[in-house]
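So, here come the structures, one by one.
Paired with subunit B in one complex and with subunit C in the other, subunit A is shared by the two complexes that follow.
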Partner chain A sequence: MVRYVAGRLGHALIVVWAAYTVSFLLLYALPADPVSTMLSAGAVDGSTVSDADRAAIVARFGFDQPLIVQYLRMLGHLLTGDLGTSIQTGSTVTTAIGAALPSTLQLAALAIVIGALVGILVAFTANVVRSSVLRDVIFSVPPFLSAIPNFLIGLLLMWVFAFQLGVLPFRGSDGFEALILPGLTLGLSLSARVGQVLGRDIQRELRTPYVDVLKVKSLSRPKIVMTHVFKNAGLPVLSVVGVMIGGLIAGTVITETIFARPGIGRLLQLSVETQDFPVVQAIVVLSATTYAVVNLAADLVIPVVDPRLRRPGRARTKVE
Partner chain B sequence: MRTRSLSRAVAAGTAVVLATLAACSSGGGAPSGDPAAPTRGGTLVVAKNTLPTCLDPSISVTGNDPGRQTVDTLVDQDQKTGEIVPWLATKWTESPDGLTYTFTLRDGVTFSNGEPFTAAAVKAGMDDAVGFAKKYGQPSSAGNFLTAYASSSVIDDRTVQITLKKPSASFLQLLSDRTMGIIAPSSLGGSYADRCSKGVIGTGPFTITENVKNDHITVVRRPGYAWPSPNSTHGDEAYLDAIRFVEIPEASVQTQGLLSKNVDVIVDPAAADIPQLEATGVKINTNNSEGVPSSIFPNLTRAPMTDPAVRDALQIGIDREEILAGAFNKFTPQVTSALTPGVPGYVDLSSKLKYDPDRAARILDDAGWVMGADGVRAKDGQRLKVIYEWYFAPVQSAVLLVQAQLKKLGFDIELKRVTLDQIAAEGKGGDWDLRMTGRPRPDADAFFAHYGAASLFTSFTADNSADLQALLTKQTSETDVAARKATIGQIQNLIVDDGYGFPLNVTVRYGASAPNVSGVKFIYSGYLSFYDTTKSAK
Partner chain C sequence: MTEVLDERSLRRSSAGRAARGLLRSPAVVVVSVVILLVVVLFAAAPSLVTSQDPFAPDILNKLAPPSAEHLFGTDDIGRDLFTRIVYGTRASVLAALVAIAIAFVVSAVIGGVAGFFRGIYDSVLMRLVDLFLAVPDMLLALILISALGVGTVNVAIAVGVSMVASLSLVMRSTVLRVMHSPFVEAAKASGVRWPRLLVRHVLPHAAGPVLSLLTLEFGIAILFIASLSFLGFGAPLPAPEWGNLIAEGRNYMATAWWMIAFPGIVIVATVLSANRLSHSFSERGQTA
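After this line comes the complex of A and B, so read on.
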């Protein structure tokens, strides 16, 4: 078990390092460094900067150093927990992320809750209704939701609840009210995948022999699904939720932009636009770490929950 | 850069969706009349697609409407004539050699923290700006402005003398920009992060009270303010109690915010939304960005643009009337010279810019550019192939029209969409023949950013445009106003005659304000001033 955990942990570290390195190379392969960008923006307005001042500024950010030196220095700082300073604002990156993180965590938490609840509800009802027409209709909800782009769901919700009914705020992050529409937007998208996976698995489980035995014992269909089938069918959902949480930061970019929430996704988008490298790098590391940790947790929890996966030799098989 | 294209795609998508939804809903609110007397009080909500990352107006110009409300300047530029008028300096004298300016400062002005406004504060601000890059290791707008500055000395509390390294005819105009707003000496000692996130103490009509990154910035009315710019329509405190600048990244959401009365003012609304806004009584203010109009610049370091005949043909081979009608809206004026009309020294050269395809074709024929069977001209085996770089999204339709118009003349134009950073990185060399840029600054010194030998965006050097460079240097050191205007006129003629630049369009900025809001003004530099703004009950 110790070897298994150590192996998974090493794997997670490699993922984070690779994400950091690839994003570093991508950012620094861009044609202009952020300092030149800042200086050229000033120059278009008709002002100029002296060569001495330019050199002082470039040297301060280390852009005059060879790429490998810049990389190793930044990696060294990262290992000591120093994420650097934002080029745009002069504040530490830790401050910027610390300010944006709570908003994103609230959004992500609500979205996961909504995603799980709606997803389970859809999968459950689809499998217990007797009318085959109704069942087909309910089964088509998840594919429908995943086919609609995230921003469209957001705008429709905003249109109805903020601009027409005027019951919820259309932007910002003041209180729980402002969280509802963005949470629903992101949550409904997540629910599509939960609903699809769980719905299909319940359907498959219902065709297995042990369910026939339960039917013979004259248990009702809802009861069979709830108490027996769900336990077996629910396991793959754990993996799906794991992947979803890892990918949440990408999802929040769009949701936070539409609802003007000052979170990590919005910070990432603006930092990419202004070439604020230290902030982009830090968010990439944060995102990769979240992804690695959640997957690690899923890898460790699933064998505990599912006794079938605890046999030696099968322990490494990840359930997808 | 995936996020960026993603956000563009989302922006395009949201615009379509909300416009469709709006069309489905029943009509908007009816326009209401302006109040007879100015209303005092109220909080104005101003939507911007991003909030400034730095609130200190001496550090950052970009989107810094909030920071600019907190400072005043020594002089201002007259809203109608562009002439320099007194503000915090009541008068000034200029030495005959153009190197020394002596300003007499206004009495009774204080900073919002109670500190008196004195000659020492003016000197401290100037010295901070020129030493900024060395002190903080970051560029600052004010530092970039003051390249001609040598030193200043305090004569007495009310008199300050500024000495320049070389004569600079545009020095007073620079001082009128809010970038040169006077900052309290106690603010100058702060860290870079503090100056950016908290803003600075100024003498202006508003003070910053709150800055939540990427969410909102609040400025409140300063009690006791009594020294507005002569461009203002009243003389005491600002009418509004407060202004809340909120970040709304999506243009279509901003529009719906304004229509649903959640937002009072939008800066630069989506052009496509303007008719819908006007139909519901929303007021549209426009501001022509004064300076060098958006222009196409030739690459003088390689053929075919080294051929004067090609440049001459291009100048009159562009149909600017068709471009105005086809690519811009009713608020956009026709471009008439290498400068916009608001810049002192402007001359109207519209006759020289008139579309004349027949003469353009003759010029090319005479120069030996023979029309080929494929519709592209060639000379000595070289096809008239041109790579045209552009970056500014709103000019896309204009760029396509230029391509179509020049195709008729026998040009083979390859369009290359780039970013401003790429242009700056490529510099004077690189694989391009035409480039399109243009940014405002209401003084002829704006020429330098585009036509100067040091420009990062064009190909001009001391050798390939010696006549132009000599005139540019001459005008900036001419302290006699009439003589400088004459030189500026010569420069515009030279640019148009020799095809150093091909003026295309005047950039227009928009402000949209709710029917119950009045007095939202663009000031000369193209930024909004809310000092005279009122908001009546809805």
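After this line comes the complex of A and C, so read on.
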């Protein structure tokens, strides 16, 4: 068990390191010039900055040093919790992220709840309904949802609830009311993934011999699914949590942009636009950490829930 | 490279049966094919489909609802929305094709080498892929866009590269599955050398699943690129793209619903068609 935990922990650390390294290489090794972008954005009257001033700015961010030195220096700072300085605003990245985080956490929490509830509901009804036509219709809901771009779902919800019915605000982040539409937007796209995976797992599980035994014992289909199949089919869903986190990050960028919420996603969108590399990289590392921690938690919970995986030294079978 | 695979697969492998099978398949698949053909027509020859100018303003007719003259209505300065969507198709579809091409070539090499030669190549390449899998697709694309700058081409490159890692895994497992089949073992046992083994035996049988996969990835790329264009990372306005047309329509959505509805319907129809077609490819491949 100790070996298992240590292995998983090591894996989580490697994920964070990999995300840091990949983002560093792509941002700083490619021939991009964030300082020029900043200077051109700042030059309102078209005035030029002298070469000496330019060199001083470049030196301040350490862009004049060899790549490997920059890499190790930033890695060292990262380990002490220093995420660097925003090229655009000059304030620390930690401040910028700290200001944006609460809004995103609220959004993510609501989205996960909605995503899980709707996803489970769809997967459950799709497998329980008697009419095969209706079953096909419900089964096609998640793939259909995932073919609709996230921003379109958001705009559609906004059009109906904010503009036509006028019951919910279409932008901003004050109070719970402003959270409902963004939460639904993100939650519905998450539910498509959950619904697809869980629906398929339940379907597969229903073909196993023990289900036949239960049918012979004349248990009703909903009862079989709820009390017996769900436990077995639900486990792989824990592994889908990782996929959910990936979708969540992509989703916040779009959702927060549509609803003008000052969160991490919106910050990322602005930072990409202005080539604010330290902020972009910090957000990448932050999301990789979240992803790693959530997966670690899932890896540690699964053996507790599933006794078959409790034997030491046996890796659990990876889903997908 | 795709064409070579296509030709070969049409003759011999499951994809050939898949393509022939289309003729006797349900109406949904036919509709999907028709939709994709229309989209290709839009992209290839926009001037054949519409005679209007995508950039010509008509202030008197601004924000006009759909009518016989303006099929999809007009935008905030009176440009014909249908024309703008048709012209926007070229940028959006081409970007998706470029992205798929990049993702396919790179991942076919990585996955192919790893799965065909195994051993040290496999371990090194797969560790490399693991490195990139640590960053979610969307974030990887956004990192690349911050480094490369905005624009349709850069978006296409970013999307293509960010699809490579997960696609390499699929390519590798496809090749591995073929490598384990009896006829490959038989060929090996009878002393066939690796170039011939690869070209004659492995590639033709990997082509079917790959065709289905690429069709699916096309839909994903369309969605991905539309999202990035919506966020303002694609072509700068007034150049039309499916994504930025919707971003533009967002400002007028309270009054001019058609500005987001029609580009949206076009995107969803394209993605659903690609998904449906991919599904029927893989279904035929399995049963046939």
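Before moving on, here are some points about what is shown:
Following the convention adopted for this analysis, the second predicted complex is superposed on the first by the 301 of 320 C-alpha atoms of A that agree within 3 Å, B and C clash if a C-alpha of one lies under 4 Å from a C-alpha of the other, contacts with A are read in each partner's own complex, and residues count from 1 in each chain.
By definition in this document, a residue touches a chain if its C-beta (ideal position, glycine included) is under 8 Å from a C-beta of that chain, and two chains touch if they have at least 3 such contacts.
In this text the structure is predicted, and so the values were computed from the model without any measurement.
Aligning the two structures on subunit A places subunit B and subunit C in a clash.
Once chain A of one complex is fitted onto chain A of the other, the partner contacts of A:L30 extend to both subunit B and subunit C. Legend: residue contacts after superposition of the two complexes on their common chain; A:A99 is shown touching subunit B, with no touch to subunit C. The wider contact with subunit A, measured as residues touched, comes from B rather than the other of subunit B and subunit C.
In the superposition on chain A, A:A298 makes contact with neither subunit B nor subunit C.
Look at A:A111: by the touch rule set out above, it reaches neither subunit B nor subunit C. Looking at the shared chain after the overlay, A:I57 reaches subunit B, while subunit C stays out of its contact range.
In the superposition on chain A, no contact is made by A:M74 with either subunit B or subunit C.
Once the two complexes are overlaid on the shared chain, A:A178 sits clear of subunit B and of subunit C alike.
Of the two partner chains placed by the overlay, neither subunit B nor subunit C lies in contact with A:I138. In the superposition on chain A, A:S91 makes contact with subunit B only, not with subunit C. Across the superposed pair, subunit B and subunit C both touch subunit A at residues 30, 32, 149, 151-152, 155-156, 158-159, 163, 253-254, 257-258, 268-269, 272-273, 275. Across the interface of their complex, subunit A is touched by residues 130-132, 134-140, 142-150, 219, 223, 226-227, 230-233, 246, 250, 253-254, 257, 260, 264, 267-268, 271-272, 275 of subunit C. Contact residues of subunit A toward subunit C in the complex are 14-16, 18-19, 21-23, 26-27, 30, 32, 143-144, 147-152, 155-156, 158-159, 163, 245-246, 249-250, 253-254, 257-258, 268-269, 271-273, 275-277, 280-281, 283-284, 287-288, 291. Contact residues on subunit A toward subunit B in their complex (touch as defined above): 30-32, 35-50, 53-54, 56-57, 59-61, 88-92, 96, 99-100, 149, 151-152, 155-156, 158-159, 162-164, 166, 170-173, 253-254, 257-258, 260-262, 266-270, 272-275. Residue ranges on subunit B touching subunit A, taken from their complex, read 1, 3-4, 6-7, 10, 13-14, 17-18, 21, 25, 50, 53-54, 61-62, 133-134, 136-139, 141, 143-145, 147, 191-193, 196-197, 212-216, 246-250, 253, 256-257, 259-260, 262, 291, 419-426, 437, 439-441, 443, 445-446, 448-449, 454-457.
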